[in-house]
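What follows is chain A paired twice: with chain B in the first complex and chain C in the second.
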Partner chain A sequence: MITSRKLDLYPILWRLPLLVWQGLFFVVPLAFMAAMSFWLVKNYRMEPAFVFDNWSRMLGRGAFWDAYWLTLGRAALAGVLATVIAFPASLFLSFRLSESARRFALLCLIVPFFTSFLVRAYAWQVILAESGPVNAVLGAAGLGPFTMLNSGFGAMVGYLTLVLPLVVIFQTWSLAAIDKNLIEAAGNLGAAPLRVLGSVIIPAAKTGLVLGAVFAFIMTFGDFVSPFYLGGSKPPTLTILIIDTTKSGQQWPRAAVVAIVMILTLFAVATAALKAAYGRRG
Partner chain B sequence: MKALGALGWIYLAALFTFVFAPIAASVVFSFNSDRFPTLPLGHFTTDWYARAFSRPEVWEAISNSLIVAGVTSVIATFIGFATAYTDFRYGFRFKQAYLALALLPPTLPLVILGLAMLAWLSQVGLSGTLTGIIIAHVVLATPFAMAICRLRLSQMDPSLESAAWNLGAGPWTAMRYVILPFCAPAIVSALCLTAAVSFDEFVVAWFVSGLNRTVPVLILEILQGNVDPQINAIGTVVFLTSMSLVVAAQFMIFRRRRNG
Partner chain C sequence: MAEPLVQFRAVHKAFGTYVAVKSLDLDIHRGEFLALMGPSGCGKTTTLRMLAGLEQPTSGAITIEGKVMNDVPPHHRDTPLVWQSLALFPFLSVVENVEFGLRMRGIGTKERRDRAMLWLDRMQLKGFEHRRIDQLSGGQRQRVALARSLVTEPQMLLLDEPLSALDAHLVIRMQGVLTRLQKELGITFVYVTHSQSEAFAMADRVVIMGHGQIEQIGRPQEIFRGPRSRFVAEFVGRNNILAGQVQAGVMQSPQGSVPVGAPDGPAEIVVAADRVTVSRDRPAGAAIRAAFLSEEFAGTGIICYFETPDGAEWKAQVSESQLSDLQAESGQEFWLSWDPARVHVMG
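Our next item is the complex of A and B:
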């Protein structure tokens, strides 16, 4: 009996750390945030309650919906742009480079994830400034100066800096796995290159293409650095709305409403996309 | 076809330039004398470094960051390894949910996690402390440690462990002499990578930190005030630190994969 109990303890001890930590510090905080969205704020203090004030107040605001559609639209645009911009590069990486060169390129693309996005955003602020290097070059060619910061364009530059490496990695991972015989066979059967691309390569790489676009969407949807430091923060995105609501006036319950709407939206988009990515091919 | 190849190289180079331009630019600007850099560049200077690193709050932030990253990496790697081993060794009910719990945190927008953490940690009296930042960073970093350890375990012959058990080793002995040595490179790599994740994270840290700022939170606060190229100097040091960690992590995984 004793030995069998000991044996039972072993797997449980390895299972427990994750359950305890992510339970206490991931699931519980999110659940608490959901509960908090029904609380009241009186004299800058939160009081437990179960009222829909925060919900009706936030969802009843035109400004909230403006922010919602702006964020959704930008995230969708970033997903599409990143997919289209990354695709030729991924094709080249997958079919024209040797295995080791491709691996080296992908390793390089991992590096930006671990470098401060804040500092990169600040670098773009300088590069794209009215008197910055880009306008200096354009000025030498007799163009500009252009105002690129504090606009949708500036924010998009930030979003693409954030998501392009990941999209290229997903696409290349999918494209490089395609059986080269398939492509050759299509060519031998007389399919023109564009036809091969449309009828063989893209359907076969669907999973990576969709996953790349979805992650681009998710990351853009949740980013506050690009809209804040490069997009001029007006009009606000949902992330900026959360920060403003949290940091001023202790209106945490209202910020929680925005957060929950964001989670539900992401969940819906991710579910639909995964269905598309892993659903029946063709 | 040749022309297509050349076009491909140009396109790839352009994309890499776009991705790496801000990183390169911030290094260049950190050694450039102009407060508002443009082309042509000013002259070479290390003045921004001298100014940035003569500020006591920068050193305080560095010390905070090192503590947070160090503690986070140890806890996250331990939990990540335990989770990877569980996934590798055992099947059980609700395993899908268990794995979802292990891998979901990085997909949640950081602003949302920051808000949830701030609210929850305030309830339990931990907001504004380094402990609070560490707690949040472990949540974010564990999935990376889990992924690396799982990758390594998948290269191991599962019968090795049972062989050790059959030869009379208890499960703990088998863990100590078979599995841990096999996973050692992945564990070192996970330590580096989780430290890098923590060292760069600023959103959740910003929500939770209060007065105990880490380096990226300090950068964020400087960015909201009077900005000058000191940020590039601090940023370059942060880049170098995280990149060394990431390169070390990749080196460990790669070297072993080639041998094993």
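Our next item is the complex of A and C:
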């Protein structure tokens, strides 16, 4: 059958603003950054060029790869830790609360975002300080004092502060949406409570669990507040590396290299995760 | 008679202030097809769920094979249930769904696959084992749910309105599948439904429930022809109820005086719609006068609706030729008569 392919302007008209927005503020800057990664810096000024100097210097440096694996490792650990820590809370919110109580609890989880993350990170500086309340309590029990700031631990506290509420929200959404009959059916077919969790609840909520972990990964991967204010910047993460690179000698092109590697990494992780979250066997 | 498989003794179940089941006494025998029937909210599903351990009785005892089951959790019971929504696991394939119960019982990979395949074959689902649930038709899903519940060879199967989501022609076919299966396996089926046709077509015994209590237990025919209460008479079949005072074999009712085979005193009689004769002239015997309202095609005949002078609705089942002979028009008055020997006296 031959259908006349008339160009329908109406839907295109409505999509246009979004396309223009995305083009102007996402594609163009991205292309600009990609182009910039091939430029040169002379006398603290950028000059358009097409050299691979920035790429070979950055990727050839051991320090870059140290930062890369550190960032990747921390992001993965934060994704796992956030998922594990959030899960019991999400189970409670999903299965022990009434509909209205759950809605209120989820609302409370949004409240932390009313405060700038920077402020929350500063709050942790006070709490985790050598002379802070945590060490005071531990000291009373004859422990410590512990150095918690300016360490990987401090950074991880920051990462989890950033991502935990979101991960709980993702998990709760998918757990609360599970058909309760499936859970009853599993028990009815002989599954003890723990096996119901493993064989029905987790597979049925897979999408939300994976998306929560990926969000934690993405946000941790790109966070600079936690490693800067709570992690002590040493060893540097990729975000710290970008700051250092731009500060020292206006090396924006080299920072662009780091940023592009980060974007490619996130793209690969997000693609794999979405496939895992929505993919089905068979 | 042998000891019943299941005994409910003074079982009471309340959700907060709402009483779902009241002092329920019920025996379920080995190998019988028992239907729990009643309108929604009558407690039939709660009764079934208590048997499966999905709800705990507030008081009273439920025993299975003489053992009190009140505190036995669902996964330690052998009471598989087929859900109204079927509750098949969407993240598992057809064969993995069927295997689930065997996997939970720790049966090895090879044996459980073999046993699951045997049941898929029996349910005519061979070739579908690796499909996803959402790739199956309604009837196929139904059979997967049955296979999943029966693969562990339970002594009873519980079914909660499993056919209510199916098309009419599939319901008839699945009824055949279920009755055949129950006879072949020889196990107990406890079947919850609000559908009279499903219950009467399949069950050996029917339990009519209303307001959390048992109204009547009996074989389908007994209940159909001999409802013991107004509730049952109104719920099953197309029945007309006449209430009044009997004196010397004649009942004085708001609809008129009719001869009746009942002792003196207050009485209620049930006249089934298919036993009412419609005529223009007054016949001898039991008859009341009523105005024709409308007719409704009901497959096996035509149901005519009438209204008596005091406002009661009466139903009469007639054939198509009878209806055309009557030339009934809305508002016209007719005589509704019956054989006094073929009515049921309640109480």
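We take it that the second predicted complex is superposed on the first by the 258 of 282 C-alpha atoms of A that agree within 3 Å, B and C clash if a C-alpha of one lies under 4 Å from a C-alpha of the other, contacts with A are read in each partner's own complex, and residues count from 1 in each chain.
Keep this in mind: a contact is a pair of C-beta atoms (placed from the backbone, for glycine too) under 8 Å apart; a residue touches a chain by one contact, two chains touch by 3 or more.
Note that the coordinates shown come from a computational prediction; the quantities given were computed from them, not determined experimentally.
Visitor: Record, for the superposition on chain A, whether partners chain B and chain C clash or fit.
Guide: fit
Visitor: If we overlay the two complexes on their shared chain A, which of chain B and chain C does A:G154 touch? Say first, second, both or neither.
Guide: neither
Visitor: Rounding to a multiple of 10°, what is the angle at chain A's Cα centre between the Cα centres of chain B and chain C in the superposition?
Guide: 90
Visitor: Hey, is it chain B or chain C that touches more of chain A?
Guide: Touching more of chain A: B.
Visitor: Is A:D179 touching anything from chain B or chain C once the two structures are fitted on A? First, second, both or neither.
Guide: second
Visitor: For A:R195, decide between first (touching chain B), second (touching chain C), both and neither.
Guide: Touch status of A:R195: second partner only.
Visitor: Figure out whether A:A204 sits in contact with chain B (first) or chain C (second), or with both, or with neither.
Guide: In the superposition, A:A204 touches chain C alone.
Visitor: Of the partners chain B and chain C, which touch A:G79 in the superposed model: first, second, both, neither?
Guide: neither
Visitor: Considering only the touch criterion stated at the top, classify A:G212 as touching first (chain B), second (chain C), both, or neither.
Guide: Neither: A:G212 stays clear of chain B and chain C.
Visitor: Give one of first, second, both or neither to describe whether A:L109 is in contact with chain B, with chain C, with both, or with none.
Guide: The first partner, chain B, only.
Visitor: Just the number, please: smallest Cα separation between chain B and chain C in the overlaid arrangement, in Å.
Guide: 12
Visitor: Residues on chain A in contact with chain B in one complex and with chain C in the other?
Guide: Comparing the two interfaces on chain A, one with chain B and one with chain C, no residues are shared.
Visitor: Touching residues of chain A toward chain B in the complex: what are they?
Guide: 7, 10-11, 13-19, 21-23, 25-30, 32-33, 36, 85-86, 88-89, 91-93, 96, 105, 107-112, 114-127, 129, 131-133, 135-137, 160-161, 164-165, 168, 218, 221-224, 229, 239, 242-243, 246, 252, 255-256, 259, 262-263, 266, 270
Visitor: Would you tell me which residues of chain C are touching chain A in their complex?
Guide: 52, 54, 73-75, 79-81, 83, 85, 87, 89-93, 100-101, 103-105, 130-132, 148-149, 152
Visitor: Can you list the residues on chain A that touch chain C in the complex?
Guide: 179, 181-182, 184-193, 195, 199-200, 203-204, 206, 280-282
Visitor: Chain A touches which residues of chain B in the complex?
Guide: Against chain A, chain B makes touches at 5, 8-9, 11-12, 15-16, 18-23, 25-26, 29, 36-40, 75, 78-79, 82-83, 85-86, 89-90, 92, 98, 101-102, 104-105, 107-113, 115-121, 123, 135-136, 138-139, 142, 146, 171-172, 193, 196-197, 200, 202-203, 207, 216, 219-220, 223, 227, 231-232, 234-235, 238-239, 242-243, 245-247, 250.
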